[in-house]
Structure formats: C-alpha cells, structure tokens
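One chain, subunit A, appears in both complexes that follow, with subunit B as partner in the first and subunit C in the second.
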Partner chain A sequence: MRAKKAKSSRSGPAVTAVVVMRLYIADAAPNSIKAIANLEAICKEHLPGAFKLEIIDVLEFPLRALADGILVTPSLAKVSPSPAAKIIGNLSDRSNVLHALGIKV
Partner chain B sequence: MAHPLPKIPTGISGFDELSHGGLPQHRTTLLKGGPGSGKTVFALQSLVNAVRKRQEPGIFVAFEESTSQLIANASSFDWGLPALAKNKLFFLDAKLSPEVVQSGEFDLSGMLAILKAKKEEIGAKWIVFDGIDVLLTLLQNPVAEMREIYRIRDWLAENDVSAAIITAKMDGDGSGIVNYGFLQFMVDCVIRFERRLEHGVALHRIEITKYRGSDFVAGEYPVSFGPSGLEVGAPEPAEIRQIASGERASAGFERLDTMLGGGLFRGSSTLITGVPGTSKTTLAGKFAEAACRRGERTLFVSFDESADRIARNLTSVGIQLKKHIKSGLLRMYSGRTESIGAEDHLLKLKALIREHHPRCMVIDPISAIAKTGGLAAARAVANRFIYLAKDEKITVMVTAINEGDEPENEATDLQISTIADTWIHLSYLIRSGERNRALTIIKSRGTWHSNQVRELVLSNAGPMLADVYTAGGEVLMGTLRWEKENEERAKTTHRRAEFDHKRGELQAAETDTQVRIKALQQDLARQRAELAMYSSDNQARIVSSSDREKELRRIRSADPAGRASGSSGNSGKRNQKGARDAR
Partner chain C sequence: MSATQPARILRLVKSGPELRALEAGQVDAVLDRATGTAHLLPEAERALSAAGGPIVNSLLAALPREDYRSLLGELEPVTLTSGEVLHEPGERIRHVYFPNDAQVSLLIVMADRKALEVGLVGREGMVGIALALRAEASAVRVQVQGSGSALRMNAASFREALGRSLPLQHELLRYAYAKLIQARQTAACNRFHQIEGRLACWLLMTRDRVRSDRFYLTHEVLATTLGIRRVGVTNAATTLQRRKLISYQRGNIRILDGKGLSAASCGCYDIVRNLAS
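== the complex of A and B ==
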C-alpha cells in the first residue's frame, strides 16, 4: 500500500476541516497515473494542508477494494467530513471533483 | 470436423439441443437482446446449473441490477439461489449508485483484479458479465469502450474459465446501441434474445446467430419461463421413439370401450371435439373418474373455470371426483388463458406432470391455449404436449371446441386431430324437433372401432350410450328412440303372450296324443295277445291235421310226392303273359 499523508499547513485557512480521502488506482495504468496527478493538483490548490489522502493499489489489495465497494479504477472516495462521496474516473473534470468534495471555489 | 469444439452444457432444457452441446468451453458467449428478453435469467440459470450439476462455482457481475434485487427476483425459481449465493456463487454488485460522480475516463483493470482475487478464492469456473453496456456507456467514448471489452477478453484468456457469458442490451441486428457491433466479432458464440408482443401476449424467442467452429440448429425458437427457470422449445427429434402399448385402459364406461374395441391403448391420445354443450367435459370427467377408480394417478387440467366448479358440475351426472381429489389420486388444475402464451401453458403442464406423475391426464379444453398469443405457437405447443404425454406414457384425453357441426370442420384450429390416436366427435342431431347428443368415433388407430353414430345420454348415473335403433338408415335418438323402445317392448310382450299361448296349445295336443297312444297301445297289447292265442291254436290245429294226414297215408299207403304237382307257378305266369300279348 502506498500512502501519502499531507501535513497541515500553517498558512491555509484555519476554518477548513481536514478532508480524508482514499484514491483507488490500478498500478501504473494511464488513467490511474492521471488521477494521482489531477488530485494532487486539486489538493495543492484548494486544500493546502487540509487533507489526508490514502492511495490504494487495487491490483495489490483487490479484496480491500471489494470491501470498500470499489469497482472501476481510478476511484476516489471522500471518507470525511460527511457527506461521503465517490468519484470515478481520472479526475480530469475538475469542477465535478470540487463539487463532489464539497469545496467551494 | 477432426477436433470437435469442446462444449460445456448449460443444463437449460432445449438450449443444449439447439447448440449441440451447450456453450463453447473456455470461450466467451454474448447474449444480446432487448430489456426483459431473458438474457439475465439464461446467464444466471447456466451458472446455477454449473454449480448444482458439476460443482463448478461461478461469479456473476451485475451491472444492471443490485445483487440483492437479482437474488430476490431469481428466488421465485426453484434453484435455491440464496443458499448458493452464500458460498458457491459470488455476486459482484457492479451497479454504480446514482450518487457516484464521474470525472474523466476510467477503466476496468481494478474490477478485473478484484474478480481475479475472488475467482481464486472460491475456485470459480464460470463468469457472467450481466449488462456490461450499462457501465461502458458511461465512458461515452467508442474507442474506450472497445478497449475495455478487449481488456475483458484478455482477462478471460489469461484466467482459465469454463465459460464466460457477457450480456448486453442490443436489438436484433446489433444496431440499436451503435458501439457494440464489434462485441459480436470478438466473441465465439452469439445468442440473440427477443421479446415481442403478438396479439397482446409477450412471446420470447431465442436464436443462435453465431457459433464459431460448430454447427447448431439455426432459426428462432420459443422460450418460456416456469418455476424451474427458462426453457427453450427446441424442435422435437426427427425420429419418434415411443413404444406402443398393447394394454388397454377404459375410456370411461363400458359401452364406449366396446365401441373402441376394448378401450383406449395405454399412452395413447384421444381428442374429443364438439360444439359447446355436447358434454365433452363429462366424457373427460368420466375417463378421469374411471382412472381414479383403478387407483391410477390422474391429472385434470381445465381452463378458465375453477376446478371446484367442474367437480361440482360433474357430480350432477354421477361423476364423483371430489373424493379422489381428497385422497390425492386426482390433481385438478385450473389455468387462466388470459395474457399467457401457449409456451407458458406447456411449461406449466410439464411442471404439473413432474409434480404429480399421472398415468392418465385430461386437458379440457386444449383449444384454450390458442386463445391468446398466436395460433402457430399454440399449434406447436399442442403437438409438443401430445408428444410429451406419449414420452411419459400418459394416457391422455383432450377436448377441443370446434365451430360448426360439419365433420369436415372437425379438424380443430390446433390441427391435433392428425396426431391424436383416437378421435371422438360429439355433435347435436336435430330431428323431429329435438336436439340429441350424438357420439361418433372418427378414428381410432390400431384397433377395431364401431362406425355407428350413437346417442349419448346423460343421467345422474353418468353418461351412457343408448341402444341402437335404426330406421330408414338412421340411428334413432331421443323421443324417436324412446318410442321405438316402447314399441319394441310392446312387441316383445305380444310375442311372449303369443308364444305362451302356442306352447299351451301344443302341450295340450301332446297330452292328447299321449292319451291316445296309451289307448292304442292297450289295443295293440290286447290284439297281440289275441293273435298269439290264435296262432298257437292254429299251430295245434296244423299239427293235428298233418298228423291226421300222415295217419291217413299210412293207412292208405299213398305216395307223398303227389302233393307237389300244382306248384309250377312259372309256367303259369308265362301263359298269362302270352295271353296278354295276344290280346
């Protein structure tokens, strides 16, 4: 399991709660690589220091993905704060992602 | 073919015959068709059969329905699916919830990784991707869709499976959903499903449109759904291999049996035709009752009228079915004909036969199956039913309503008269202002049968055939028959009286003669006695006279030869003749 945990930033807006997310990928599949890049860019811009991201390789942990209700890759699951959300695809449509994550632009 | 393509049976009745063995082994089969055409049931049933018959676990990936919904829907079939779903079958819920947001392209590599893990865990041999189009359309990119299909194909090739089934919504020629045409080229076997309406009734059809490296039965075949799932109405084998029984079973009552030359052959089929009210049901009921009385399991199928009402109505003509229903010997089933296709009727009949194992069976009327949904289908079903009954060695009696009363029109819409072994026609004969029921045996294969039109009389003692009275070349019926019967009775009485009288006369004459004989005999005896007395007296006289002659000769010393001189009769006759000639 590859996991990246971002530290909370001192300079970000203090009111924002930490967003906990899981990104399910299929090793180095093109869409999975795109998804990681897209998500990192979104987080950097909109959630500086206010997110926790776990990246799970489904090829490595298929039964974990199954238990989490994951079907296609890449998939992004927002665990908290509620409401939970699920986004499929390589996250190239940024506005959809922001809306699903509850980030107001 | 040097190496016939290995196939794996689906266990679906009819389909394995059409495909000459089932689905291609280690290959992918595409089931295509519109919504509600039976693709999912077919796929699921194959999977269930693989587990139940060969202990091969399977995976079902449901893109269209949630798995709980799917299992609930399928639990109406007698597969025991909930139990199988616990360990032998794995259902992957691949239906995306509506809350899922899509952002950009995705692929199925994650899902296939999950399936691989699950497959290894349970040792699955079969895999079904049901409604794959639902997920793929989300890609909104034909190239991406094709890429994912190929991904699945490669995955199937790498992961040894007994058979894989992909179902997709497409209409007949695959053009409905534009992007899936290539699916058909990718797979080794394509089966087309169709649901269409005919006269307001849903008919299901199946057709194998492609089977790489194998022959198959081409053409469209009916599909029906019953308690055990889906069934394909495969064509009957060209050769009919039924054993003809020489044993006879009663057709219901003695006189009818006599007309049939001793009853119906076991395992034969009898068709009773007639316009409404000619007591077809009564005859069928009598047949069923007779079977029950012999202790044989019997099935009575009726349509659009409750079994209880039929049993009650038959009681009025002395046919008691209720006690046999109670004892379990007789099973009465009453079906509805509205909005159910002929194929479904057949399936229901099959299920009933499996449940009850009857030796005798009645369908009243079989023409009801043609009521809804196409005559051609009903004809095929009626034929198949008769053959089914023959295969099961069930003696069957079916009734059919026909319009009009002309023998030429007796051939019913269902055209079963040609395959039925015995054909009894009931009609009304109207004569002298009366309507009487007449029974004719039009044919009875392999046996002598009466060719006489007989009157069928119903009473509370049951149906019976009246005695035959013919007059002017016609069988008398009703009042005419009754009159004739009375006349016959009067004649008989008269004849008997005359006879008695004559016999009395003769007896008197005989007595008289005997008396006279006795008197004459007495006379005779007396005369004989007299004669005897006279003879002995005469003898004594002769003896005494000859003694006297001797005495005289001795005394006179005369020659005894002198006595013969007057005895030359011959010369005397000659003289007589000569005298006649001279005259």
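== the complex of A and C ==
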C-alpha cells in the first residue's frame, strides 16, 4: 500500500518557478502506475529541478482527496503557480498535461 | 476499499472530464462523497489482487517491489498450451513472456526440418531475451512444452520498461549471461557426453524449472531435446530406471533419487548451475 509520499527535486538549475502538484492515485492500480510513470517522464524532461510532487493514495486518504475536490483517480492537481488546474486520467495525453501545467514546448 | 459495480460508479460520476476519463478506461477508483470512501473499479481490483499474490517468476521476483509494480500495468496473464509456438525463427518478436508454471523449449530447426532443443525456459527466465539485447527477431523456434501460466508484455512496453528500470536491465543481463554459459556448455556436452548422462542432466534441469520431481515428457520431446533417435531415449531411460534413479511410464517421469541422478549425469548440470547462479 502506497503511503502518502512527498517528493521534491531542487538540485537542477531553476528554469522556471517551482510547479507544485498533487497526484491522486489508487495504490498500484494500472492507470495509477501509468499516471506516475507519465508524470515522472514529463517532470524529468520539462521541469528538471523545478517541481514538487505529492502523491496521495485515495484508498488510504479518501477524505483528504474529497476535501481537495477529487472524484476519481488518477487525478493530477496543479496547486501553484496559478492558475490552478486539474487533469483527469492516466496522463497519457502529454500535450494536454503540458498545457494544463502551463509548460510551453 | 470495496469492489463496486460499474452501474453504481456511473451514478457517482455523472459528467465532465471524470466521466470522459472513466469511459476511456483511464480511471482506477471513484470517491463517494456520501460515505467518504473510495471504490475501486473491478479491473483495478483484479489487478491489485493479482499484484498482492506471490510473484512466481524468478526474474520478476528478484526486482525491487517498486520496479515490479511499475511493470504490472503492462503485464498480461496468459495460459500457454503444450505445442503452441510463441516465436518462429526470423520472426519479429511481438511479446515477451515470463513463465510461472509453464515450460518453454527453444529449438533450432534445420533445413531438413529436424529440430534440436537448445534451451529451456521456465519460471527462472523469460522468453524474448533477444529484445533486451537490442535484437528484433527471434533466432529460434519457441514452443511451449509444458502447459501453464505466464505473464506477457508487448515488445514496445517491454523496451520502455527496460529503459526506465535499471534493476530490470541488470536482472536480464545476468539471465542472458547464464543462458550464454548454458549454450556453451551444451555445445560441448552434445559433442562429448554419453546419452545417459545427458538425459540425467536434462531431467535435473527440468526438475528445477517445474519445481517438482514429477513431470510429463514424451519420447518424442526427449529425442528432440537430446538430438537423438527415440530408441536412444528408450535405452537411456531404461538404464536410469534400472538403477532406480527415475521411474518412466508413458511419458510420466518421476525422479526417485535426485543425488543419484546428479551423480549419473554428465556433470554439466552442476557446472551450469554453479556458474549461472
């Protein structure tokens, strides 16, 4: 069971403001795993050293997810910088994710 | 956590991007405001219960839990049936297989259609190692010898997984090296050793793969494996049976004395096992 896990990366050069995100998943269910892999790949390529990601397992913390307005997993919430954004699904549509995170390619 | 029927889930997600993701099969769980709980979709529930079970294939079991879990989304449980051909020589590899209790033969097919077994894959290994070594096509015919279950992954997903998991790369290179040692030893063994010793060696290798002293192998399979005529198999099996090392009736093989069989084997069994481990 995945516990609440905070992960941050600050070692690389600051290319932009740090993007703070929360990814809501359901343990190691297939779409949740894909969402983590897709997001990690995007962060590595486009936000090296400039992101902070918190992964929340809704099976463990359902009330926290509900309080954050989450209805399904996987869901990614961009917390800051504004505007806030929410992306639903396994994050396989890369251009959609980049757009929602405000990353210009 | 509870299993939920899709109809009930649909009532919780009425519209918007959540419904679109649900319809696209990209949702694992739905949160219920009324009860404050999360409901797993049936497919996610099945995947998680499979993931929680024991990992049977040794290569997968050797991976760190995180790496194994990252593969789970792409691994599909399949049943392999005796006689089924998974790859033909020269053919592009579409799937790799991690056998659980299935056993698979790697065969070299000569121009006169005679076949010789050059490798054996069971729960200790994988079928399609060529992909891990950057080759696209199979060099051998891969045929299921003992029915059973396996996990398979398509070639594209496998390459991606290999690219992101260093432990998977290490594990597969170690396995490829073990197969190289085995192939070298088998080349010498086939040339120099007596049939009886080779049969004993091969039965011990089969025992390790199926993890049982009892298994089923026809004369024909044994003849192909050892590259000899069926009468040669009969003579060698009869000798081992007379020495009370095995019993062999209509393909049903039982190893009665493992130590004795090891002593009767040509010695290649111990060499391969020690070098490859």
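Keep this in mind: the second predicted complex is superposed on the first by the 90 of 105 C-alpha atoms of A that agree within 3 Å, B and C clash if a C-alpha of one lies under 4 Å from a C-alpha of the other, contacts with A are read in each partner's own complex, and residues count from 1 in each chain.
In the analysis below, a contact is a pair of C-beta atoms (placed from the backbone, for glycine too) under 8 Å apart; a residue touches a chain by one contact, two chains touch by 3 or more.
Because the structure is a prediction, the values reported are computed rather than measured.
S.K.: Sharing subunit A, do subunit B and subunit C clash or fit in the superposition?
M.R.: Overlaying the two complexes on subunit A (C-alpha atoms) leaves subunit C and subunit B clashing.
S.K.: Could you say whether A:His99 touches subunit B, subunit C, both of them, or neither, answering first, second, both or neither?
M.R.: first
S.K.: Is A:Ile33 touching the first partner subunit B, the second partner subunit C, both, or neither of them?
M.R.: second
S.K.: One more residue to check, A:Leu53. First (subunit B), second (subunit C), both or neither?
M.R.: neither
S.K.: Tell me the contact category for A:Thr73 with respect to subunit B and subunit C: first, second, both or neither.
M.R.: So A:Thr73 meets both subunit B and subunit C here.
S.K.: Would you sort A:Ile42 into first (subunit B), second (subunit C), both or neither based on which partner it touches?
M.R.: In the superposed model, A:Ile42 contacts neither subunit B nor subunit C.
S.K.: Between subunit B (first) and subunit C (second), which does A:Ile88 come into contact with in this model arrangement: first, second, both, or neither?
M.R.: Both subunit B and subunit C are touched by A:Ile88.
S.K.: Is A:Leu23 touching anything from subunit B or subunit C once the two structures are fitted on A? First, second, both or neither.
M.R.: So A:Leu23 meets neither subunit B nor subunit C here.
S.K.: Looking at the overlay, does A:Ala65 come into contact with subunit B only (first), subunit C only (second), both, or neither?
M.R.: both
S.K.: Of all the subunit A residues, which ones make contact with subunit B and with subunit C?
M.R.: Looking at subunit A, the two contact sets intersect at 25-27, 29, 31, 34, 58-59, 62-63, 65-66, 70-74, 86-90, 92.
S.K.: Would you pull the subunit A residues touching subunit C in the complex into a rising list?
M.R.: Interface residues on subunit A, with respect to subunit C: 25-34, 36-37, 58-59, 62-63, 65-66, 70-74, 86-90, 92.
S.K.: Mind listing the subunit C positions that touch subunit A in their complex?
M.R.: Counting only subunit C, the residues touching subunit A are 1, 12-13, 17-18, 20-22, 24-31, 33, 36-38, 40, 43-44, 47-48, 51, 69-70, 72-73, 164.
S.K.: List the residues on subunit B that touch subunit A in their complex, please.
M.R.: Subunit B residues touching subunit A: 92-94, 96-97, 99-111, 113-114, 116-118, 121, 135, 138.
S.K.: Can you name the residues of subunit A that touch subunit B in the complex?
M.R.: Going by the criterion above, the answer is residues 24-27, 29, 31, 34-35, 38, 58-59, 62-63, 65-66, 69-75, 85-94, 96-97, 99-100.
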